[in-house]
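Got a structure for you, questions after.
Letters A, B, C and D mark the chains as written, and numbering starts fresh at 1 in each.
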Amino acid sequence: MNKQSSGKKALNFLGANSVPIMFIVIIAVCIPIVGFSPTFLLNEIVTRLSRNAFLILSLLIPIMAGMGLNFGMTLGAMAAEIALIFTSDWQIWGIPGIVLAMIISIPISAVLGLLCGKILNAAKGREMITSYIISFFMNGVYQLVVLYMMGSIIPIIHNNIKLPRGYGVRSSVDLTRIRKSLDNLLAINIGGVRIPMATILIIVAMCLVIIWFRRTKLGQDMRAVGQDMEVARAAGIDVERTRLISIVISTVLAGLGMVIYLQNMGDMATYSSHSQIGMFCIAALLVGGASVDKASIGNVFLGVILFHTMFILAPAAGAKITGNEVIGEYFRVFVSYGVITVALIMYETKKRREKAGIGQQLAAAQREGGVTRA
Amino acid sequence: MSNQTPLLEMKSIRKDFFGNQVLEDINLTLNEGEVLGLVGENGAGKSTLMKILFGMNEIRETGGYEGDILLNGEKVTFATPFEALEHGIGMVHQEFSLIPGFTARENILLNREPQKKSVMAQIFGERMNTLDRKAMEQKADQAIEKMGVEIDGQMVISDMPVGHKQFTEIARELSKDQLKLLILDEPTAVLTEQEALALLDSIRSMSAQGIAVIFITHRLQEILNVCDTVAVMRDGMLVQHVAAAETNISEITRWMVGRSVIMERKNTRPVPETRTIMKIDRLWVDMPGETVRDVSLEIREGEILGIGGLAGQGKLGIPNGIMGLYTAGGTVTFDGEEIPLNQPRRCLDRQLAFVSEDRRGVGLLLDESLEWNIAFPAMQIHNQFLKPLLGGLIKWRDEKAIGEVTRKYIDELQIRCISSKQRAKELSGGNQQKVCLAKAFALKPRFLFVSEPTRGIDVGAKALVLEALRNFNQESGITIVMISSELEELRQICDRVAIVSGGRIAGILPATEPSEEFGALMVSQVV
Amino acid sequence: MRKILFRVGAVLILLILAGIMMIVGRGHTIYFDNKTLEYNGESYAAIRRINVFVNGEQVAKLSKKERGMATCMGQSFSFDIEVIREKDGEPEPYHFDLSLPYGMDGIIVNLPAIMEGLPQEAWMSEFIPAPPTETEEDELPSDEFEMGGEV
Amino acid sequence: MSEQIRTDDSILVRVHRALKDFGVPRLIIAAFLLLMFIVAPFTGVNFWSQVTNVFNRFSWNAVLVLAMVPMVHSGCGLNFGLPVGIIAGLLGATLSIELGFTGPVSFLMAIVISTPFAILFGAAYGGLLNRIKGGEMMIATYVGFSVISFFCMMWLVLPYKKPDMAWGFEGTGLRTTFPIDKYYGGVLSNFLKIEIGKLVIPTGALLFFALLAFLMWAFLHTKTGTAMTAVGSNATFARAAGINVNRIRMLSVVMSTWLGAVGILVYEQGFGFVQLYNAPFNMTLPAVSAILIGGATANKASITNVIIGTILFQGIVTMTPTVMNGLINLDISEVLRVVVSNGMILYALTRKTEVSR
């Protein structure tokens, strides 16, 4: 028993860092095979960094509050999409369009977040699976709203957004009018690498906010709640409310992040853009070395870079190796799921090992002649 | 001491949990800066009294209490612990309530952190204020200062030795400026000798600063060292309240365990001088809260051996360890052969049986029928109540046989239920306990561990359970080891009683010895 | 009390910001027609050649019966045109400042008419896009958990 | 005291308790389905063809739902890892076709071949779940996903040759969907099929399910089955009674996995196609919610739960589109399915599980 657990410990230690290492290896192997030009690669990475970083940052706060990986961030994404449907229907273009979309998304995500938080408070200890199911459930509601109510109950003006049948939104909404308008703002070009300064600045600002937030009373309370709800409650912290707030914040941030994400894409798949986003963001964060109960801003950036480099390389590499483009596609998805699975397993085993008691000490005490106080 | 209005007055406090009286007419006064030592066996009512004083929820949930509490002369009633805190009463509980990942400082000021105003707070509320780390540092360190024991403010709780956690808790109470009265519930239980001494000093310094302290412990010497007065409780009554200077350990122990009416022992048979059937050698058990450190014990065939001792001293760990429910080490030989530890099955195969103290957690399948509960172990271990089908290829559950045996035990033990199919969780505590016994009896064991068989069940059921055990022992000559916190109960039905203290056997005496002897053993080497 | 004030303020600021965005961000498409226009009995003939400039950049070279296009955000729009009446004749420059109606996405400006300084309703008309004629999209969304997906 | 209250219950109280046990959402769903059946005739939808649909869908899915039972019984929670079993089944299916079996034999062989895979995967999967007690559901979900996406690659790489399955041109790589009428399409459904006017009953498939259901029921009445239930009901109790909890849990996972494998095969024979690649993603949640709708909780499930649940769930799924179309020609069945199934799971997750495990 003792040996076994200590062995597990060693294994776990390796495991904890293995994920980023593994990725570095994969990438190191792929790059020469694929032979992309560094400029191309850098450009891609910078684009994806600016595209995804904000979304992933939205995951940090629930982790801080001990609610694990917030699969419910999808709700924020949906809110953002609804907002964008409106702005593009009202023909609001460029930066104003983006700002407006963000503003509209806030109340929607706040409400969704509130709902999600309430449910999660009812499912303490099962937050992740629950938030994961919530995202599916809400996806249904989202479809109900977007596919049936929009155009029939909720006014939609333009036919290029409505389905020909007269209600419901087309499966893809064209965002060319706001496309990259944030990225192009004060964009600079360093050695052929295009850097969307405005977006980067927003992300940096967000990081600062999070750092600041950690140092607020609320932040402190969240950490306390995250580590031990009962103690926090005994100290007079309103546990439920604190957890609720953390989810609401996360959802709202996810909404804003999704707007940034979509303005870069310049085109929105109405019914699928959000379905995968949560999964990929979480995977990226975990690749960055985060765990279910501990994540830092550093993890976010390392994660985005490693994960997305893999994402860029995988299909090409797959094609080069097996002569089949699709393999790479599947591979990167497999990796995403794999990473999440591994992270979850490591988290659970850790929890269990912590529970496992002090037997060794007692045995030791025995050998030393039994005179001891634990 | 001084004749100004006392800091705290408790006037004729009474409390009953659903009819059975746990506190009767307690009167207690405490002056500013006075240190009161509160002693008594488990279940004497110490903690209940403190809970009342501290306004704990469970008191209200169980119908409140009678009598008055006066602080500085005026009557107070606390709806929640927080109100008690506001009135300057602090309490350090036995189990820590600390955030593992926080530093001592953060814990000391948990949810009372000094803050810096920030703009966001205007919009999103006070909680958006940033913490004033510098002020926190000062405030926390002051508290540590006040306590007079050096602990590292920056150290994270999870890296701390257990003693320091204890001190962090005390410091947290001291950091509350309004603190006038501090309740310490067995604070030294987890401390090393030196730490304990340090704590005593800090208690002295607190009282010097005018803070009154109620000090609950089983280490009587500490009481004598540090306290001004000693209050002894027994069976929910305050039997003595004297100046510490005027008494001594043996006197206190007598007060603690001495019964006003000595019950006559029904068990009058001589201690059997039979062969040793079980030999326990240097057993350690890692059972949280009931750690067994080094127990060696010999049990004679056909006897009823009682194991007593104060809570948390490890008496419960012994059966749980031997039966493999918690990680254990050492050697246990039964009937000449060694039993491998940490493998419940092997014990059961050797016809050992165990009635756990944790009825709902370990003892019962709450959601299943009585039939299942009673028949299950026998079915699994001895293949009873099974019909072989296809030439023994399939072992089919024999509902009929199960029903019969269940009804048999329902009659024998007078289990009150509507049918043998009723779900276990629908029975009352006493009947659930009987089901647990039936389960054990159905195994036809040669050796039976019974742990806290009468905990939390009404008087009638108590008598029945004890009766059943004695009969089982006498009729079928089964060796029984009974673990219980109630000394008198042990003395009633056991032949010999071993007292566990500090995870070790403090001594074994025939049940005929007077209670005082046992009492002395109980507190001999408590940790 | 003070807090409520602040909160209301914050919300207001957001709303105002949103309002501003809706105005400055409103996108329009302007179509320049070089076509003959009939207006209460009179006819304003299309011109041989018109070059259209929006803030300095040439957006259209229009011969007779041609239509040029430009986009703009906000409700005020100004453009310049060069009019060349006959082959390699002197270009006559004109400058126009229009305020666009918020409600219209597409706005047609008839150049010959506007040059004659006719009233707005004469030279301005709404551009109605032809109703989309593509077939019903059959792909129904579902809770299907399709993988891949670009990120 | 409690038994007093128990004994002198008024009928009303009992009824009320019964309703509470039955669960509000379940009630709503049942009522809704009933409504559907009542309304159906008025919408010009043929009643009997609807019933037939329900029968069919039931016969396809019931086994997959049954695959939930063992793990629930052993306290491993809802089997979100169903894909593990499904993949084993798909391996069996593809291999038996590749090896050139046809007709009923191919179905039999598919089961035979998938069995070792199911046991292998199940053992690995169970071993994993034993190391992460308490966090089963989430991890199961992602184990399932990982396995699916891994096999997405395998389907491409593995050297399948049979032209019915493989892509014509490259020769390697299986198609996403291919018909199996040459093989075991409908082998069960068409066996002893009963046709009364518009009503068609896939007797064979129903019998097959009945057989498996009976075996499951029987197993739960054996010594080991009893132990399994006990482990699910209170693991500590079982351990104290000398049960090797991990082995029992492992066994239950293997059983669930195998049933998953068989389940997908049954589904295919009814559906008439084999779906590879991402298809398994969409099998899990319906099965989970079906058994929940049937009245199972996170650690109690019975054969009746399976049957009721599958009928209710599949009933909803099949009835709503047609009826809705008939009524307001508006097909919100898809949405409805998503909301109902996930809503049901949410309901189960947020409910306090009364048992202390």
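Following the convention adopted for this analysis, a contact is a pair of C-beta atoms (placed from the backbone, for glycine too) under 8 Å apart; a residue touches a chain by one contact, two chains touch by 3 or more.
Quick caveat: nothing in here was measured; it's all calculated off a predicted structure.
Separation of subunit A from subunit C in touch steps, taking the shortest path, is 1. Of all chains, the one whose mean C-alpha position sits at the greatest distance from that of subunit D is C.
Here B-D and B-C are compared, and the pair linked by more C-beta contacts is B-D. Distance between chain centres (mean CA atoms), subunit B to subunit D: 47 Å. Subunit B and subunit C have CA centres that are 82 Å apart. If you average the CA atoms of subunit C and of subunit D, the two centres end up 58 Å from each other.
The mean-CA centres of subunit A and subunit D are about 31 angstrom from one another, to the nearest whole unit. Touching of two or more other chains is recorded for residues 141, 143, 145-147 of subunit C. Within subunit A, the positions touching two or more other chains are listed as 136, 139-140, 143, 147, 330, 333. Across the assembly, subunit B contributes no residue that touches 2 or more other chains.
Residues of subunit D that touch subunit A in their complex: 80, 128, 131-135, 137-139, 141-143, 145-146, 149-150, 152-153, 156-157, 170, 173, 285, 330, 332, 334-339, 342-343, 345-346, 349-350. The residues of subunit C lying in touch with subunit B in their complex are 2-3, 6-7, 10. If you check the complex, the residues on subunit A that touch subunit B are 1, 212, 215-218, 220-221, 223-224, 227-228, 230-232, 234-237, 357-359, 362-363, 365-366, 370, 372-374. Residues of subunit B that touch subunit A in their complex: 81-82, 97-102, 106, 110-111, 113, 115, 118, 120, 126-131, 162, 190, 192, 282, 284-286, 288, 291, 293-294, 326-327, 329-330, 342, 504, 527. Those residues of subunit B whose C-beta lies close enough to touch subunit D in the complex are 323, 325, 344-345, 347-349, 354, 356, 360-368, 372, 376-377, 379-381, 383, 386, 394-397, 416-418, 422, 426-428, 431.
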